[in-house]
Amino acid sequence: MNQEALKSIPKAEVLIEALPYMRNYTGKYFVIKYGGQAMVSPELMESVILDMILLKYIGVKPVLIHGGGKEVNQVMNKLGKEALFVNGLRVTDDETMEIVEMVLNGKINQHIVSLFNQHGGRSVGFSGRDGQILQARRMEPQVVNGNPEDKVDLGRVGEIIQVNPELINTVSDNGYIPVISSIASGINGESLNINADHAAGEVAVSLKAEKLIVLTDVEGIYRVTDNEQQFISSVSRGEIRAMIMNGEISGGMIPKVESCLMGLDGGVKRTHIVDGRVPHSLILEIFTDAGIGTMVTQ
Amino acid sequence: MNQEALKSIPKAEVLIEALPYMRNYTGKYFVIKYGGQAMVSPELMESVILDMILLKYIGVKPVLIHGGGKEVNQVMNKLGKEALFVNGLRVTDDETMEIVEMVLNGKINQHIVSLFNQHGGRSVGFSGRDGQILQARRMEPQVVNGNPEDKVDLGRVGEIIQVNPELINTVSDNGYIPVISSIASGINGESLNINADHAAGEVAVSLKAEKLIVLTDVEGIYRVTDNEQQFISSVSRGEIRAMIMNGEISGGMIPKVESCLMGLDGGVKRTHIVDGRVPHSLILEIFTDAGIGTMVTQ
Amino acid sequence: MNQEALKSIPKAEVLIEALPYMRNYTGKYFVIKYGGQAMVSPELMESVILDMILLKYIGVKPVLIHGGGKEVNQVMNKLGKEALFVNGLRVTDDETMEIVEMVLNGKINQHIVSLFNQHGGRSVGFSGRDGQILQARRMEPQVVNGNPEDKVDLGRVGEIIQVNPELINTVSDNGYIPVISSIASGINGESLNINADHAAGEVAVSLKAEKLIVLTDVEGIYRVTDNEQQFISSVSRGEIRAMIMNGEISGGMIPKVESCLMGLDGGVKRTHIVDGRVPHSLILEIFTDAGIGTMVTQ
Amino acid sequence: MNQEALKSIPKAEVLIEALPYMRNYTGKYFVIKYGGQAMVSPELMESVILDMILLKYIGVKPVLIHGGGKEVNQVMNKLGKEALFVNGLRVTDDETMEIVEMVLNGKINQHIVSLFNQHGGRSVGFSGRDGQILQARRMEPQVVNGNPEDKVDLGRVGEIIQVNPELINTVSDNGYIPVISSIASGINGESLNINADHAAGEVAVSLKAEKLIVLTDVEGIYRVTDNEQQFISSVSRGEIRAMIMNGEISGGMIPKVESCLMGLDGGVKRTHIVDGRVPHSLILEIFTDAGIGTMVTQ
Amino acid sequence: MNQEALKSIPKAEVLIEALPYMRNYTGKYFVIKYGGQAMVSPELMESVILDMILLKYIGVKPVLIHGGGKEVNQVMNKLGKEALFVNGLRVTDDETMEIVEMVLNGKINQHIVSLFNQHGGRSVGFSGRDGQILQARRMEPQVVNGNPEDKVDLGRVGEIIQVNPELINTVSDNGYIPVISSIASGINGESLNINADHAAGEVAVSLKAEKLIVLTDVEGIYRVTDNEQQFISSVSRGEIRAMIMNGEISGGMIPKVESCLMGLDGGVKRTHIVDGRVPHSLILEIFTDAGIGTMVTQ
Amino acid sequence: MNQEALKSIPKAEVLIEALPYMRNYTGKYFVIKYGGQAMVSPELMESVILDMILLKYIGVKPVLIHGGGKEVNQVMNKLGKEALFVNGLRVTDDETMEIVEMVLNGKINQHIVSLFNQHGGRSVGFSGRDGQILQARRMEPQVVNGNPEDKVDLGRVGEIIQVNPELINTVSDNGYIPVISSIASGINGESLNINADHAAGEVAVSLKAEKLIVLTDVEGIYRVTDNEQQFISSVSRGEIRAMIMNGEISGGMIPKVESCLMGLDGGVKRTHIVDGRVPHSLILEIFTDAGIGTMVTQ
């Protein structure tokens, strides 16, 4: 007997352990928000890519949604253009929008697609304008300084009014993993900048996804009690809403939990906020009962 | 963060290691001969069943062929009927054939199907007469004692003349794992007893299988040199034929290597003789480069 | 002119007479319960087989359900094991169950499939465990001697809780006639012995069958009035229930009428109890207005 | 038991006798030429219609081709127009062609369709111009009186240059019986009068038909020896060609045997000349080994 | 550069102008009633045919319904038979019905099909009896002279009770334009004469048509005020009903507006009465906002 | 009558004139190379977009391939990076490649998709890396100054070794117009810069395109004789090769005619070099016999 091969028996057992999870998820959509913050190293990006290819092989239909704020800032910087934010939203003039599109579609999106290619996954990159996947309207001018008179027009920033999932279905059913940038088509056909967390929530709803997973660069959600932080493994919609109201959740975490709430409101079964810095966090979240991040449930 | 889940990272890595193998084998048929001898314990049977369900989930189309000589002997024994063999072939009168069919189709086949059911696999049991999957003619009377005049009629023992794979394709494409007993339909519709190794070889050819795997209760093939046994990981068709001629391969191993040769002659890509007593030997053989048994190649 | 052929004109006219019935039944399921008692001679079995092949050719989708109590008794006898019944139900210990499965799946089922093969029909044999067609739970212990304290555990005897018709649909739509034994998969995957009449009724309901036909070895149902027997051609659900209550129907006929009632309750259009000893009784029942047996209607 | 039904057992046996023929012909095209001469009585027309509906129910794909010379003559007569023939071919001026089309498409074709409707068959009438099923060119002027200088232009008479079977396939596969008149589309789109026997031969070839059956008003082909007529049940292509050369076959029988020869040359398996005056001659020809008419074979 | 081609730029612009209309109508049914009166010249017929072929190429599914009263009268005349009308309905004895069928199916229908063929359209002619597209019952005897006792039996005149659109769907989806004559199948399978305007209305409803267009030989509907005629471009169902009641609409226009009302009542989106004497009136009606005739709307 | 609508009759006639061209091209692929030079004004871009949407509506399957050298230069300029060319090929270091990808995929590609969206076309943008549509290897270092020792490495410049058209087929068959940038996936998954004319030629071959149309900013190909320029409407492969050899064709026109030659060598029916500055040049080329540019034929 080949003694060397015997050493692999424990590995075989791991594959077998995954069987019940495969059974549950085969044929179902997983929408994964993968943002700039979670793309911290080539190794971790590769880990996310491999996890998604694995999901595809075992019958899950993964869909990746990405933004890319950090890279946009870098390119703006190179071009001597300053990034401006109001209420956490990028003020996006036409020139900035052009840079956003170039960076998201021409750089980040294609980089992700090439990673899939290199690891043997069949993947296709879309902007949200392709096949009018994401349709949006311009956001209302933002009130600043608490003064209703004092409003700032955000320019080319939009909020989603409709998702057309046909193109996603077409390529998913033909064996590809769709990679979609958070850029939408406005009412006059112009491009609009969309919050990627929100885009992921809306796409998950339109696909009747089984899971929405928001990969980020924090460990998940914590509850602070008596100066002590306690990690939350599972939390309900109601609790999350209360935590936003009382300020326990704030800043960049807000669009992430909003994405989960959008998903849950629209019929997504389960939503997760997961630390993308942990290797294979996607598989851990899916193939273990506990999971690694915070699950927001009905 | 959920510290417990972190412990599973090495498991996730094992799943990822399997990716290149999934890529190669998705959509292809694996024909697995699983005989009485390899069914040594409930644990090992479960291990084979789980391995095949895993294959099904990752897109492989597994087909199981089984015989069941040992159980036939047991039932004959209970009924006070003696088992008789000529040149290693069971002399099969009508009463014996009835017992063979009851044991193979009513006991072993259904036992395997129930194991699939219990572990969440969708499976369907066939005899080779269902949909006339296996068509055979009666074997010529066997010369015994080296005397051409001295022949013994084997009765209801057949050799395959045609395989009709439509039924296998139909159920495989609809998500089921077919489990087929080595009983064929004779020219007048009567049942005939078929060597299960041969049946596996012929079925593999008719399905243009990627792999034919013969599970047995030995470690594989050894070469004896200078009173030393050396395990053979890989061997060519030509070498195997030489080893049969010079007696290095003999006894029950002969139909097994014949099954491999049939498969290779008919276009099967790779054939393996594998020790079914090793847990998850099926996954080891498939998902490691070395494999655990002996691979017979073109 | 070929004078010989002219003699066949009356035969052609018979074919033409069958046209209106073909028109009515094309594309619809007929579930036929064919039990041990109706299998009285090779000629009559052949007649049933040919009738079903004819149905298949003219566009009907026939499905055969069989039990096999008599043959089970014979084999138990050979093995020196006594058959035991409580309230008409076989007390089925593990060893008996093994015999039941071997006889039903390995002998009767395959014998029927081989008859189809010999007469040019494409057929496939299933146990109710294949593809988990029949799912059952163990029956409650039976009260005996009218004493609620005095209960007998029937062992491996089940009652159906779910029918999964996918496998039947798959093979029927691909041109095969399914032949199904009355063995179910229990909650823990173990095999359970099922009354074949009940199985036929449940399968007919799950297939939304046009007709359920119970072939038996009596002429149908009689009404006894003034010491005179009068054959009943057609009877309603209500009348049948009354006849069971007042004892006019009893013994082995009870599961047969129960099968019809199950079917009618579940939406089967028409149910028939037919004498399998009459040659071509199946065609007579279907292709004549009167029919030969007793029709139980809404 | 229902004694009345027992009387039908012999009828059931007739249905069963037909089984081997059903098996051979299911899924195959039968092209049936049905001409004016064979339409001798309403009863016989009904018999042909019912035979074809029966064929359709048992899986055969029947196609009917018809002409209608006699009815054309009648209508011409009513309109005070004389019918003129040269070498057995109708001289067809534009006015005559209009009458031919009205009678064939508007009267005969629709009469046949209505008969199918009345007997529960789904049928659809076509002229050969619909979907350009029949494409033809004008026939060369005919030499008369054996004088090559003395030619008569036949006007709107054509010979087929192409058959487009798509429309026939479309409706046949959707459950209809196509009924096609022998009118073709000329090179400039004009209608052309076609010999219906020839049309049937060409259509049979384009459909790769299993059988071409020419229904006529004679018993088939006879051989005259010593002033005695002997009916020919089966005859080869070569023999038929010899019989035409030596004048044994002549007149209206010539296009019928030409139709058979066209069919055989183009790959039709078997061709038959059958007496349409015999009730159910179509079924007799198909469902008996001998058949009633003359079979022309390879 | 090819200077000649530059001259075609304005033509290209016309094609582009049609784009928004193509977008709206692709994949939808247009039912076009095309009657004897609108068939005033070969040029205009060609124009209608070309318009319909164009519709087919750009993705619309056109269906043509035709009658043919004028041509019936001509042929009756030739045969010395007088045409008789009661309340505008043709009294149709059996002989007249035979002429109606010959003229409609054998002459007009086939003439239209041949025009499609000549201009490169794939077309197929049907009577309403083919595939039992139109099923009708005989019309009640008509009261004449306002005297309820004084009734005239119209003979073979019917009113539609059911439309079976399967055959239309089958051929439309396979690339053909169906051309249907206004002849129906009666309850006993006999042919019945149907008003073609009514037939068009009912067919449009059964196909859930986007548009019903009645081509006629007047300009549309006019309103007479102060001795002045004013053309009506668009009119509602209610207004049309009022106009019939007060006599503003009368004579042959009544079945045309009834056809529109039937359509609208049954869910057809828009109905149009259009002057078939204007070249390309069909395209004008469809591809311009105003249209050329009178649109009857909800 | 609506007098206004009558004025549109000539427009209707133009639509009808286009019919024969629709008939020829329905269901066939047209590959259109649309480069930076041809994108001279918003009006002309709109004209190209509308022409392609029109093609899609009438059943043609258009595919657009684009490069974008001029815009790359502009962005490089903004970033203070100098563009460097050797033998007409851009020397492409990693930083340049990043700019190429951002400009082609993030700006030009998405701009074209948005134009389709605005004009009602369903479109989807791809880079040649999506679904690995374009696979390439790095180009050999280029000899400069005629000195074989003096070679310059072009960096990330590739030549196509394989085209995978599955993704194009999938989206085309689902109603989308694919827009593909000339960026390929290298052997190690890295992005490579490809000549867009060559990409168009190779894609046309892989799709078995009916036409390859290279839109450019010159009128087509001229022949200079006696100091006179003569426009060439049609030229054969052989003549084109001669013209390249003797220098009549040079500079940027060379990859364009090479694209045509690649296409013709690979089985594309007709190839065209067309002046994109003429409005609706695409429709003119297709829907007129002469066409506006130079057709290169077998």
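General observations
In order of appearance the chains are A, B, C, D, E and F, and numbering begins at 1 in each one.
FYI, contacts are C-beta pairs under 8 Å (C-beta built on N, C-alpha and C of every residue); 3 or more make two chains touch, one makes a residue touch a chain.
Computed from a prediction, not measured in an experiment: that's the story for all the values here.
Chains that touch both chain C and chain D: there are none. Ranked by how far their CA centres sit from the centre of chain A, the chains are topped by D.
In terms of residue-numbered contacts, D-E and A-F present the same interface, as over half of their contact pairs agree; the other options in A-F, C-D or A-B do not. After Cα superposition, the angle needed to carry chain A onto chain C is 120 degrees, rounded to a multiple of 5. Residues touching across the chain A-chain B interface largely coincide between the two copies, over half of the numbers being common to both. Using CA-based centroids throughout, the chain positioned farthest away from chain E is B. One inter-chain figure worth recording: chain B and chain D are separated by 56 Å, centre to centre, where each centre is the mean of the chain's CA atoms.
One inter-chain figure worth recording: chain B and chain C are separated by 35 Å, centre to centre, where each centre is the mean of the chain's CA atoms.
Centroids of chain E and chain F (each the mean of its C-alpha atoms) stand 46 Å apart. Contacts with at least two other chains are made by no residue of chain C. If you walk the ring beginning with chain B and heading to chain C next, you pass the chains as B, C, D, E, F, A.
Across the complex, chain C meets chain B through its residues 75, 78-79, 98, 101-107, 109-110, 113-115, 117-118, 122-127, 129-132, 166-167, 170-171, 174, 176, 183, 185, 188-191.
Note for the complex: chain F touches chain E at residues 1-2, 4-6, 8-9, 11-20, 22-23, 26, 47, 50-51, 53-54, 57-59, 119-120, 219-220, 231, 233, 275, 278-280, 283-285, 287-288, 290-293.
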